[in-house]
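Think of it as A, B, C, D, E and F in the order they're written, each chain with its own count starting at 1.
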Amino acid sequence: MNTKHTILAIAPHPDDETLGCGGTLLRHRAEGDDVHWLIVTAMAPDQGFPPERVEARRREVREVARAYGFAGTHELGLPTTRLDRVPRADLVEAVGAVLRRVVPDTVYLPFRHDAHSDHAAVFDAAAACVKGLRPPHVRRVYAYETLSETEFGLRPDGAGFRPNLFVDIGARLDEKVRILRLYAGEVATFPFPRSEECVRAQAMLRGSQAGCAAAEAFMVVREVR
Amino acid sequence: MNTKHTILAIAPHPDDETLGCGGTLLRHRAEGDDVHWLIVTAMAPDQGFPPERVEARRREVREVARAYGFAGTHELGLPTTRLDRVPRADLVEAVGAVLRRVVPDTVYLPFRHDAHSDHAAVFDAAAACVKGLRPPHVRRVYAYETLSETEFGLRPDGAGFRPNLFVDIGARLDEKVRILRLYAGEVATFPFPRSEECVRAQAMLRGSQAGCAAAEAFMVVREVR
Amino acid sequence: MNTKHTILAIAPHPDDETLGCGGTLLRHRAEGDDVHWLIVTAMAPDQGFPPERVEARRREVREVARAYGFAGTHELGLPTTRLDRVPRADLVEAVGAVLRRVVPDTVYLPFRHDAHSDHAAVFDAAAACVKGLRPPHVRRVYAYETLSETEFGLRPDGAGFRPNLFVDIGARLDEKVRILRLYAGEVATFPFPRSEECVRAQAMLRGSQAGCAAAEAFMVVREVR
Amino acid sequence: MNTKHTILAIAPHPDDETLGCGGTLLRHRAEGDDVHWLIVTAMAPDQGFPPERVEARRREVREVARAYGFAGTHELGLPTTRLDRVPRADLVEAVGAVLRRVVPDTVYLPFRHDAHSDHAAVFDAAAACVKGLRPPHVRRVYAYETLSETEFGLRPDGAGFRPNLFVDIGARLDEKVRILRLYAGEVATFPFPRSEECVRAQAMLRGSQAGCAAAEAFMVVREVR
Amino acid sequence: MNTKHTILAIAPHPDDETLGCGGTLLRHRAEGDDVHWLIVTAMAPDQGFPPERVEARRREVREVARAYGFAGTHELGLPTTRLDRVPRADLVEAVGAVLRRVVPDTVYLPFRHDAHSDHAAVFDAAAACVKGLRPPHVRRVYAYETLSETEFGLRPDGAGFRPNLFVDIGARLDEKVRILRLYAGEVATFPFPRSEECVRAQAMLRGSQAGCAAAEAFMVVREVR
Amino acid sequence: MNTKHTILAIAPHPDDETLGCGGTLLRHRAEGDDVHWLIVTAMAPDQGFPPERVEARRREVREVARAYGFAGTHELGLPTTRLDRVPRADLVEAVGAVLRRVVPDTVYLPFRHDAHSDHAAVFDAAAACVKGLRPPHVRRVYAYETLSETEFGLRPDGAGFRPNLFVDIGARLDEKVRILRLYAGEVATFPFPRSEECVRAQAMLRGSQAGCAAAEAFMVVREVR
């Protein structure tokens, strides 16, 4: 990876990017790539979230962005848990506008069949944006797994997450866990899935599949060489 | 099954619970379990249903509940055939409220890929409710098949109903059929699928798969032991 | 095919019918069948399309209908790219009304997993209409592939277009291409997928699968004999 | 169906053709088509079957062929339950020889994922024969379901039998059952799946899916028009 | 689980039963069930394994059986890595003989799509044995996952291991690990998948899916109640 | 791609490598990579092939290897169309020996569900070799599509070839076609699928999916970064 890449990590909610591809983003940074963050939802004021919770979240986003050294943070501010109410064409347009501004060659997405319906909506919108007629610059699209979402998809019809791309994050796992801890309100203690223990256990298992001490796993959605 | 269980049968429309798992609910009752009924939709007045039809339906629901000896009937009253218009988060919240009130250990759901879009919406909402982070009490979730819906799912992509759990209802089939007849407006004569003949034929075939005279078939969505 | 058939080709947007089953429709016409066209969406004025674009589209539709010799053109006029905002029950009712008027025995549909969400909405609505309880006249339902939509479906879960019905259009390919050219705004030059080159390449490959010089390919959704 | 067709029904073991497509074959006969029967296995003497059982089977085959009025019966005589031991290329060659002799345009096959490994072997061999480079005469290939085999396929991975072709056999069901009874040793009493009761129940359910009193159901493997 | 059950755990090779369902078998023992072990393959002398390796394996099997307190150990002694060479009917007959002797009501199987072809052969043979016509006593069949086999199945077609049954083994995990260590030759150090670290990480992740500290995960193949 | 790679293209039969990934191999060569060719089968003398045919094939292999500038040609010489008769463990061992000798980092394989059973056998054996416990050097495994095999896989269960990796071969297509012509006996005229016309049509369509004039398409089996 000698060329400098422009990366866009799309998170339905803040913390998805860290759970799903935090170590990989850190590697991109270490290799000199520009990494951008697209956060699709926010706690909308009219959803009844207490102002201090909204403010805490804003602080977390800033700290996380700084910890990664992101080149840009792009927030769509759509109402969390309610993306099914946003007209699909509007969501496609909003994601597309960021793609045109950032001009990434590599995009990381949540998995289509995660338990959370926001993840499905984000996948569909992003897939529509990169489907091939348009942005020729997007040459690599990968779907990540999100602890507490991907393994809780319950549709009994076989469409599970089956990774075919493994990224060695052995040298970045501790840093990933440190960043995850910045999301005080989202992380809890084991056996809660979004816990340091589960993140480490998952990294170990994905690592053992790839012959290394820790890995993140992806499904290749589309790559052009 | 020596412990007493609390059961919740979720029906998008009244009669789904009987077509899908009526015999199994009767077995639960006979074994001393508490059985609750969650009816998601109703004929909303502003949908233009004639008042006498709405009243007849109300009467049917009462009679069916009495015939089963249900411990509780929970009606969400959402507009029938229009669940795609109800915000997903609202549907999740409404189903979740019933789960918190009933505290069931066992839940019966319609199949995700039934022809009727209301069935898909109910499956998705219920799946979101029981996905594992929250109600620890729900330890068994099963999807039932609904004559006239499950076998009419037309998506040509392989995700059909493939049962892996069979419940012997040989001793309850006649009672199931009697209850089904209470839904005067929903049942018709063969070859209409919601007919006594089809219910009996399906019970026989599922029975022959399980080595008994009559059975209901399910897909195990999630069970914890 | 000695009996005279009544055919309905359902197009989410004008040009889908030609890309997907134009050659087959021409064969139906040549064999004396009545062919109807159902166009689900239109450029709604309030979507901000310039009037001359709307007018050009209207002209194209007229010319295409004449070129095929369609027995009827049925336009629902729903807003393009925004079918996810139309209540499902309304879409089902609108498609159902056309089915009751045309009384077709054969229906051609877009594929459920095309990239465009309008295609999914149309498939679902049409599937609900023909699901078997109702119109006994619809005995054959086929899903067609649409260049630039079907091959761009990105869901990484296996539900791709796998044709099992091939129609020899060797004698109609040139005419299909001529009709496609009437859609001036939709067709571009290779390697754009909606190009004459791609249409011919696809017809050749499908032909080689079927042992003829050119073919269109379908998935059989449901057929009764 | 005004042209006269030549049909080949491929049965791994005698009785599969009747369970799977007996009513459809009777319709073909009634419509004037030539119907051929290919029986892949036999009770090989060195498999230890008692001579009177082998003789009884021979008699059954003759009687069944006569009852249908088959134009030809083609027996490969391969060892029953042991097709996995026959080199695949030999099985392909043996099936191919019959295809070259009979020159059918329509072929009926067992389903690929039936419980019995002989069914899988027969499907694979026949699929290799008709795969498109060679016999241009085979224009229609359908997979049938076999009571006691198709519903007992246990692979928990979604590849179930999902029919998309239904043939009305209302006028032929009694005759199908009469022929089935000729297989004295294979048929038993309900809830055994190969019983008259199950055959009738299945025909009813498939009928209710197709809007008629009795039907047989198929998956379209490949059809060229 | 108040009735006493008879359990059969089928292992293609010794250690599969421990990796896949060791904790669950220990729970069965603790609850008073009889547990039997069926080992399908052995290091056949003519496969060139050194005698001391064969002897060590024999000792391991004895020690493991003692540690679990198995009611019986049944060894078929078929050549390891070469089950594809054993006629399917012979393998079915050999597994069936054990089923007739043990008369289990519950059977644990390897997953059909594990990387190792021996696992597929064992699944297919056992599935043929329990397919429903015959042993009425087998009422529960579950497929387990095997570290180093299940996650290495590479077929890129979606048929991955998607568990729907979770068994809490929090109180048995240490004992499972102790037994695993008895297989000196099979276990290695992390990131090798058959390592104590991976076993613990997997138990944690499966536990977090089920709301407990450690779990084993299964796919329900077939259950009759 | 600035590091020098070692590539292994595995062909069940000579010409599969060219149909499937000929343009990609030419790009690898142009970028300075070492490319090796593993040919699994040969026309065994005892299979009754005429000596001049065997000799012609030998000549073709030499010419093709020279045209590509392969670093090595590795022939296993197993009997063509009869790989199902070769013990799986032997095939795994034979492929594994080549992997140990060549030490590739990138492997190209045929697709698992191609029509030809030799392709399935080669995929399974190679997958077993690279499954992760062993050769750490193999970091990228891709499955290619083979005209006349991949599109003729007839299993009606959804496991079709769905590419997620596209390689631009616009600058190499003519050379690929020239090499293909060296296989005089395998290539024929359109609509035969192994024809220059079909190769060009397929390259165009795959190109239009990737935004370039010609492409080859792959499924990513496994990649480690």
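We adopt the following convention: a residue touches a chain if its C-beta (ideal position, glycine included) is under 8 Å from a C-beta of that chain, and two chains touch if they have at least 3 such contacts.
Please read all numbers here as calculations on a predicted model, not as lab measurements.
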A-C or A-E, whichever has more C-beta pairs in contact: A-E
Chain whose Cα centroid lies at the greatest distance from that of chain E: C
Chain F against chain E, contact positions shared by both copies (same if over half, else different): different
Maximum centroid distance from chain F, chain identifier (CA atoms): B
Chain centre separation (chain D, chain F; CA means) in Å: 36
Multi-partner residues of chain D (at least 2 other chains): 132, 152, 156-159, 164, 192-193, 209, 211-212, 220-222
Residues on chain C engaged by chain A in the complex (per definition of touch): 81-82, 84-85, 115-117, 148, 152, 154-159, 192-193
Partner chain B, residues of chain D touching it in the complex: 147, 151-152, 156, 158-162, 164, 190-193, 195, 197-198, 200-202, 204-205, 207-209, 211-213
Chain B-touching residues of chain E, taken from the complex the two chains share: 2, 132, 136, 164-168, 209-212, 215, 220-225
In the complex with chain D, residue positions of chain E that touch it: 87-89, 112-113, 123-124, 127-128, 130-133, 141, 143, 158-159, 219-222
